[in-house]
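Each chain carries a letter (A, B, C and D) given by its place in the written order, and its residues are counted from 1.
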Amino acid sequence: MTVGIGLAGLGRIGRVHARNLRGGCGEARLACVYDANTAAAQAVAAEFEVPWVATYAELLDRCDAVAIATPTATHAPLTIEAAAAGTPVFCEKPLSQDRDAALAAVEACDVAGVALQIGFHRRFDPDWVAAAQRIHAGELGQVQLFRTSLRDMDPPNPEFLAHSGGFFADVTVHDFDMARWLAGEVVEVSAHGISADPEFAAVGELDTAVVVLRFASGALGVVDNARAAGYGYECSTEVMGTLATARIDAPRGPEWRTPGQVAHGTPRDFAQRFPLAYAEELDAFARCVRDGTEPLVTGRDAVAAFDLAAAAAESQRTGRPVAVEPAGVGAG
Amino acid sequence: MTVGIGLAGLGRIGRVHARNLRGGCGEARLACVYDANTAAAQAVAAEFEVPWVATYAELLDRCDAVAIATPTATHAPLTIEAAAAGTPVFCEKPLSQDRDAALAAVEACDVAGVALQIGFHRRFDPDWVAAAQRIHAGELGQVQLFRTSLRDMDPPNPEFLAHSGGFFADVTVHDFDMARWLAGEVVEVSAHGISADPEFAAVGELDTAVVVLRFASGALGVVDNARAAGYGYECSTEVMGTLATARIDAPRGPEWRTPGQVAHGTPRDFAQRFPLAYAEELDAFARCVRDGTEPLVTGRDAVAAFDLAAAAAESQRTGRPVAVEPAGVGAG
Amino acid sequence: MTVGIGLAGLGRIGRVHARNLRGGCGEARLACVYDANTAAAQAVAAEFEVPWVATYAELLDRCDAVAIATPTATHAPLTIEAAAAGTPVFCEKPLSQDRDAALAAVEACDVAGVALQIGFHRRFDPDWVAAAQRIHAGELGQVQLFRTSLRDMDPPNPEFLAHSGGFFADVTVHDFDMARWLAGEVVEVSAHGISADPEFAAVGELDTAVVVLRFASGALGVVDNARAAGYGYECSTEVMGTLATARIDAPRGPEWRTPGQVAHGTPRDFAQRFPLAYAEELDAFARCVRDGTEPLVTGRDAVAAFDLAAAAAESQRTGRPVAVEPAGVGAG
Amino acid sequence: MTVGIGLAGLGRIGRVHARNLRGGCGEARLACVYDANTAAAQAVAAEFEVPWVATYAELLDRCDAVAIATPTATHAPLTIEAAAAGTPVFCEKPLSQDRDAALAAVEACDVAGVALQIGFHRRFDPDWVAAAQRIHAGELGQVQLFRTSLRDMDPPNPEFLAHSGGFFADVTVHDFDMARWLAGEVVEVSAHGISADPEFAAVGELDTAVVVLRFASGALGVVDNARAAGYGYECSTEVMGTLATARIDAPRGPEWRTPGQVAHGTPRDFAQRFPLAYAEELDAFARCVRDGTEPLVTGRDAVAAFDLAAAAAESQRTGRPVAVEPAGVGAG
């Protein structure tokens, strides 16, 4: 039985989910759509041949589980409302820009006994999944160094920046989740950022950063991020261990050879870089809903990544390493 | 509106189609299944939550278009039956091992005015699509050399070989279609084959071959094929032109570094090599059905590739180049 | 003790040898230079700080061994003269465009008991050396398929073509030597060539060819060659065996990433593609001279490759496979 | 005229230089050798067919320029002695583990007007040279991020560590030189190190480190280093700019394909990674000597890199970013 997903929020990522739920997902299907903008809901409903509803409450009535892709400020309240209705939740990151609100949402799902999965899509990319399996099986030996790069091709527009929650919470948060998944809990964060672009400097926003991590295991980690790499969307990861080292880089398409040069394309955005991960995260969520298992990436993971982002922001501000309490998650 | 596909034949490739029609295709959906083996039909119907029918005629009644993945000998008759019912047809290759039967099927679809698309999946792989667009746009200048390799990892079992239609019709036929698509009509074929494996030699079957092509344009082409490359499934293509040269090779997954060595996985079969092409060919077919446009790869393409395979078999037998009449398609 | 090389012929490849003998070779040194053009000899002598001589006889007097890089027609006579003087010979290919003359040179060296090494540089490239060692050690299992590409970037000028000895003797001969080295003796050759460039067609010269080989072992081989690949100088080889497959491709230099594209340079000529092989072939020759061992690539190898080139030319002319007698070498 | 090099110090790197001066260098030649261990000098002299001398003073008498590859503590005094004799100096890094001693050596060469080149070999590797030319020509636009990895395959032995001068001065110093060369002066250093290997922890030595740099230009930089990467010797660099991004990685040799896997070798040490740079740095030095030009990498560069290493050590100790005065070089 496929799981019927009610999709709330039909902006850019919401439409990615809609497309995947129609063609891409094998376990989840698009059951119903909702958006605060009724016209948008009607348009998507017509395109994807599914019902639309005018309220979130109706959406919860008409689905097996809900996927929340609405504006950030509504993530936590909608999650709590779904939990109250007994409906499992897939929620885009961040759960909230407020730690207490995020924790409240996590606890609401816990109390209600419903699954809560966060939209850290990279955990579902086939390359990372394959690498993680071998890493978790111990093939690397003792991990010594974790290194990852996440860079956007083009900078976001200024309006977006005003609501982004800050560089580390918006960009690095994905790498914090990767770090924890692949190398374990982080106990110290040192962040260094610049505003290479004068427009970013003018609004007091970072656009390029390096974050150094110390893991509970004693390993070292390093993350680099940029808002505008220029050449493309970069997402690559390396984990160096005593027995082996794993590296994941972008796939390369067809080669074009012209005089003296060999060239191939490189992804321009997350959709090109991750053609399969967004469908797979919803299928994995559907399996959890159907089988009653725990999601691979939970609300507690979201809070842990949030805490690392907050520590990075503090470190960047103070110029000092900031210690992090892994045990803090869930402690309120 | 998605197009409802009736799927006939639920063996290995039939089940690949079923899975894609549930999750993978955005324009086509699985409407109903049929197999001469009723138990197989029931099992697939249950797994994929669709109706099953006991006869092919009922299948045609319950779908917008039919996908035929039954044993080869039934391809042409089932195509003709669908044409008579006015139902568009997607048919696995080969249309028939008998040229006249294949032509009769093509003509039946022509007369009935229904679309007929052949399962040459490589035409729908994103890398080949991207390369073909640029090649057809003239970016290579004059094509001088076409080169392609298609190799299976492990040899098929002997029972399969008895019904394969011969090496060139079973294996090289895909490359003949590529050659025609990317470099135009072929006017001469020279084929050279060996039986490297004594088991193949014992049953008089080739397992490794090189086929040299001359194109109507004056360009030269070369194909190499193997039943058992050992290391993996190889499918790669190069087109060398006066202005540029295009190359398509297998994508590379995560890298594993161990002392003194860097390694990554390589595809083991067509399903690993072409994760997207099988879904896309059905979506493209669905668009043709919905919009009334001609398929990218038609029954006439199947007959043309068939003729090249027959010429290759003759060349291999006689040790001489064999001329091919491109105009022969459809001439009966 | 380094071996003092007398260098005869100071054209393009002669000057490559001069440079390597000064900086690049560790076992061979430039002892003296000679060219029929005295001014050229004087200029090179001044640049490389070595003596020059006005006659070939004087050159033989002043060296431990001679390297012949003069025009093709003089290769065999100069080899025979060196043999008569008891001087070991390194000679650029071809030994002669006349089979009997080549054989006479080989036999003169045999009779005199002096080493004769032919300038098939690829046998000394580190990548091919590494691959050959493992292939010869049996790591591939039974070789099933040999595949190689040799393509120049830009076409030679017409005057060169008039004295090239023909496409197969000038270009493919390197691949014939590779084929014999890596996969054993060849027993049948089928050649297919075109003149894609109208200027080549006008003078009756091929510019693109595919040659299919059958080996004594039963394996199949395929060579493709072009006078003008356009994008660069291509030299790559694959040997597919039952246990493993080896591939050698051009190294890739630094990567340049610009919007949506990743690019790197590709070699434009043999000097860029083989930065080490030309020095190494002279060092290997010097070791043979010093130690009295047989060169890796002898005059008999040159004749064998010559015979394959002649067979290819005949096959291309007649449109039929041509059988080759491996035992023919030395039989006169 | 080639430049005769007197080689002082015949340990591991000294012998690399000897070999290159015999075969590899085209502008420099090995004129004479010296080692405090007379037997070692005699052995190398015999092997390379050059004179040996028993004292450094005699060596200076018998060469156009001197290459110093002796133990670190003697670098500065031998440089000063050469300067006093008017002999140009190529000196292995570090010039000294004492900043004042290093500066004194630099000043002695300045006063004497003799060239002083430091053995930062990577500045002479063809890939880095090619990248640097394009970077310095402005092709990257504004540099935003500099990233580099330098990792040894196997850890050094404990005796070496005792005299290494510390992790940052021994390992990272090469990357500091790269950073300055490719992205300009560094104004702040933040270093983070661990002792992943208990043997390193036991002697209080780091084995893995990440160093974050802020450049005078405003750009950010990140270096990662390891004493024991396990899989091989890693040396790769990336410079990300607003217009383009350059990346340099290790070349890849022949590919070996076995069931489901594609593998190639990776360098195991600096000699494998840099087959050409050690010869080229001596040739470049010879050209400076002959032409009276300034070396590409001077004693002041050595002091600047030394200062960055000292700042890194301080940062690692204090847990704080350390500011660096680029103007400090030469100020005593």
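FYI, contacts are C-beta pairs under 8 Å (C-beta built on N, C-alpha and C of every residue); 3 or more make two chains touch, one makes a residue touch a chain.
The structure displayed is predicted, hence computed values, not measured ones.
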item	value
Chains contacting each of chain A and chain C, listed by label	B, D
Selected pair, greater C-beta contact count between A-B and B-C	B-C
Chain whose Cα centroid lies at the greatest distance from that of chain B	D
Euclidean distance of C-alpha centroids - chain A vs chain B, Å	38
Whole-Å gap separating chain B and chain D, where each centre is the average of the chain's CA atoms	56
Contacts with two or more other chains, residues of chain D listed in rising order	230-231, 243-245, 252, 257-258, 265
Chain B contact footprint on chain C (complex, rising order)	141-142, 144-145, 147, 149, 151, 190, 192-194, 196, 207-210, 212, 214, 218-222, 224, 226, 228-231, 240-245, 319-321
Contact set on chain C toward chain A in their complex	153, 230-232, 252, 257-266, 268
Residues of chain D that touch chain C when the two form their complex	1-2, 19, 22-27, 49, 126-128, 130-131, 134, 139, 243-249, 251-258, 265, 275-276, 279, 283
